[in-house]
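You will see chain A twice below: alongside chain B first, and alongside chain C after that.
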Partner chain A sequence: MSTFQLAQPASENILEMRDIRVEFSTGRGNDRRKIVALNGVDLSVPRGTIHGLVGESGSGKSTLARVLTALERSFTGTVVFNGDELPVRRTKEQRRHIQMVFQDPYSSLDPRMTIRQSLAELLRVHRIVQSRDIGTRCLELMDQVQLPARALDSYPISMSGGQRQRVAIAKALALEPSLLVADEAVSALDVSVQAGIVNLLADLRDELGLSVLFIAHDLAVVRNLCENVAVMYRGNIVEDGDTERLFTEPRDQYTRTLLSSIPRIRY
Partner chain B sequence: MRGATVGQPLLKVEGLCVDVSIQGGEYAALKDVSFTVQRAEAHGLVGESGSGKSLALRSLMGLLPSNARVSAGSAYFNGTDLFANNGRNFRKIRGTGMSMVFQEPAVALNPIARVGTQITDGIAQRKGWSRKQAREYAVHMMQLVGIPHPELRVDAYPFQLSGGMRQRVMIAASVACEPELILCDEPTTALDVTVQAQVLALFDGLRTELNAGILYVTHDLAVVSELCSTISVLYAGQLVESGSAAEVLGNPREEYTRALLAATPRIDEPGQRLRSIPGTTPALRDRPADYSFAMRMADHAPDSLSIPEEH
Partner chain C sequence: MAAVFAPFLTPHDPTAMDLANTLSGPTAAHPLGTDNLGRDTWSRLLFGARSDLGIAALAVVFPFVLGTIVGALCGYFGGWCDTLIMRIADVVSAFPFFVLVITLVFVFGNGPMSIFLAISLVSWVSYARIVRAETLVVRGRDFIQSCETGGLGKARIVVRHVLPNTITQAVVFAMSDVVSNIGVIVTLSYFGLGIVPPTPDWGQMISDGQQFLASGNYALVLIPSAAVILASLSLTFLGDGIANALRAKR
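Now for the complex of A and B:
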């Protein structure tokens, strides 16, 4: 963390995770092994910023995202959100504030429902707006994710990968979260489409003040999008701080290896 | 044996057309595509998904899906016409002369053979190696593709390894026989950047040390820039532009190439807003005979009546 962030009051951070530890056990009998997926991780996300999280596969990024979104409940350590410590069993309201977007948007979309039906159901179940305002809110959401209103009456199957990812983001935004966790949300897209989603996340930060934890393996995207970056290696955050500082003056050995491996356009 | 006639390109593809039949109709997936790969040259074939990159590679290996066929054009490997002789020429060349690294390792590995055996299958026989020699070579190759503790994994079966490991085993298996031409179909997409760098270095070593030619398919312009000295850009089955990497990436002539570059985040130029390309490559059935990138841009122009699909 840079000294600048340490000087800020705690509530300047939308999220503070402290000493998060997750262990899995795999195999049986003699093969039984303990995997330390997160080995006492600290991570703070300043409000209204996009925080990158990078590291090799298996380093624990998705596990961290799952702890954050309460999908993984066997952990030790504390999660402080908006100044309040979150309990292991969260209320519906507490869960609403942290939403997740995955690599494969298809998995989170119901193929039998139009986009309007999916969004309306969410807005109704979570009582986000009054019934008579659901239609208007659906239109606003389409606008926020830069999809045409017409898309509301489509089914997921008729949409392209990029459009589905926008719908997945609209579903997350429907719950009016303060923190969005994007786990490899742009990794499977063509660069031509990825660019639009990256710009959308930047716009949501700038216009709605949304905070984002952005998990990715493309470091060029991370350098373009994120104010800060954390680097994970084998269950530990080995370096965390201002993006430009980290890319220009990496302190950790693994970070240096990672940066020297990035392919670049040399012309 | 290696490098027959001087001056003759290792691979020369001319006017390649591939048609795909879908529900009784035939559609052009590749139209009049030409390029060459020289010995000790890495040539990049780039484009968005749907542009026809995989079909192009598969046609060169004689591994097209059953509903696709080469309808016109020629491909000469070391002077041998690959499409002649009813496909029998492929069998001769596959494995020793030319080998392919697939994007998806599951399709290329035998589930019931140990990975070490699969890596050395071809070359051990040809060189008359003992089992011990073959095993040592397999361990060496596994090390080269960045598999930690290869001596512990050389006797494993594919299912005992993670997806990333299997992908590296497959790369090792494809290059172990020291082919003259390596066809790569996005082989590093699923790998960590550090492993990707190792694999690219391995390909580059095969190119410089064994004079291997490489035809490298990817949508990643940065990867192409690292490995390839020449590039062909493909859009919707058509060759958009080709030339040296410096020309194509540094001074592109075509609007499509410029659009791809503007959408690609630059590690060296952070803070630039990316420019996405509206729409997607249309499906084969939705491409008019004279389809071009200009039509996609016209469809999505700000004042056009149709509603944009992508931003």
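Now for the complex of A and C:
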């Protein structure tokens, strides 16, 4: 399995987001209303760790991911990545380092492209490898996400949800990012398939030193996978810290409510 | 097919007159008989197909290309430019299709070129609408967003990812548009607004033949009419076939 070299550490945290604020307005005229999606969020992700981000639907988790990947451009605050502040309009190179895996594996791959075409396009556009090495690199990527090489020439339609999610991860890895944003990347999958993807993310962290922002609402998965967890509630991060401490002695009232909402099976 | 190879399949020049042999029934030399000026009906039918189907197809290509490009750009980028272009499209489609086409043909004068222009100016709107609507759907899907986070250029996203996923609808529409164009061209020529004699065309053949209906010579009207119906039907079936083939690939 091939590995790639990450840039030399410029700071302890791969990512620091400071005072991120996003507002949407909905309706017209008298119905016009302002919705605060993110209300001054601060978040730091230490290098080479998986950082969980949990919270109920509508708490702003996905908006935060969209700010991070510059899909959402109307925000205030600063995003410091690898020691450098990222502008709102990013260059190809700046985008390359932060990759995202989307929630729905059925809509995150272009249905008209084979897996090889999708991967090769990214490798070519970013000049990651020489064009004669693209085929080899595609094979390595498939190997990294534990998919058979023959899947390279199939279309997404012939693949299962779990396989597609692996392809989505391979696409992200193709660009050799330092940070992977997994926005509910396992929520749409069966439990057994979920485990496979979660283990894959853990392996990538251990082998490549990849940092991951893992957005989820399955607290059990988060507890197993993540070194740190941040809890979001209504556009704010209410608690952020070491996973075990947060699960055993939550400080914030909302965190306690969230944790107590885990269904327990009693025998 | 027959239209393409018309010169090899026809025994007579479609404009050659044989005044000694007018309004004849089918003979060995003239399989479908002759008209009032002694012109061979079979030859005129095939050459007519050439002009009608040719312009109909041509008048699909230009609006298809223009409308698809405009629709994809408007749908993907949005903004005031999109609003402006779509309002223009609204204005164009507010007029009944035929009224607008006939007016434009009047303005440009008779002939194949003006029919082509008139149809193009009106029907690009449909393509732009279809592709724009599809683009709006596709743009919201994750794979386009993943192209953006993947750092792909906007032009590449539109050409390589948006268009291949939206163009199917436009292709299917184009097939049915050829059929409606045939109707338009034949109708215009029937009214003497379209293709000018001596170029043969089905619409003219029908209107020329009309005067002999009373004398019991139905063939001159029925043969070109049947040709219009057959051509339209076969193109419709072809369109359906293509639509199915494209859908199967999805």
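One rule holds for everything that comes next: the second predicted complex is superposed on the first by the 254 of 267 C-alpha atoms of A that agree within 3 Å, B and C clash if a C-alpha of one lies under 4 Å from a C-alpha of the other, contacts with A are read in each partner's own complex, and residues count from 1 in each chain.
The rule is simple: contacts are C-beta pairs under 8 Å (C-beta built on N, C-alpha and C of every residue); 3 or more make two chains touch, one makes a residue touch a chain.
In this text, all values refer to a predicted model and were calculated from it rather than measured experimentally.
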Between chain B (first) and chain C (second), which does A:193 come into contact with in this model arrangement: first, second, both, or neither?
first
Touch test for A:104: chain B only (first), chain C only (second), both, or neither?
second
Quick check for you: in the superposed arrangement, does A:217 touch first (chain B), second (chain C), both or neither?
first
I'd like to know which partner A:162 touches here: chain B for first, chain C for second, both or neither.
first
In the superposed arrangement, which partner chain does A:96 touch: chain B (first), chain C (second), both, or neither?
second
Which partner does A:122 contact after superposing on A: first (chain B), second (chain C), both, neither?
second
In the overlay, work out which of chain B or chain C sits against more residues of chain A.
B
Overlap of chain B and chain C contacts on chain A, residues none
State the interface residues of chain A toward chain B in the complex, per the touch definition above.
56-58, 146, 148, 150, 160, 162-163, 190-196, 198-200, 202, 217-221, 223-224, 243-244, 247, 257-258, 260-267
As the complex stands, chain A meets chain C at residues 69-71, 90-93, 95-96, 98-100, 102-104, 107-113, 121-122, 125-126, 157, 168, 171, 175
Give the list of chain C residues in touch with chain A in this complex.
141-143, 145-153, 156, 160-161, 164-165, 250
Which positions of chain B touch chain A when the two form their complex?
48-49, 162, 164, 192-194, 196-197, 200, 219-223, 225-226, 245-246, 249-251, 259-268, 270-277, 280, 307-311
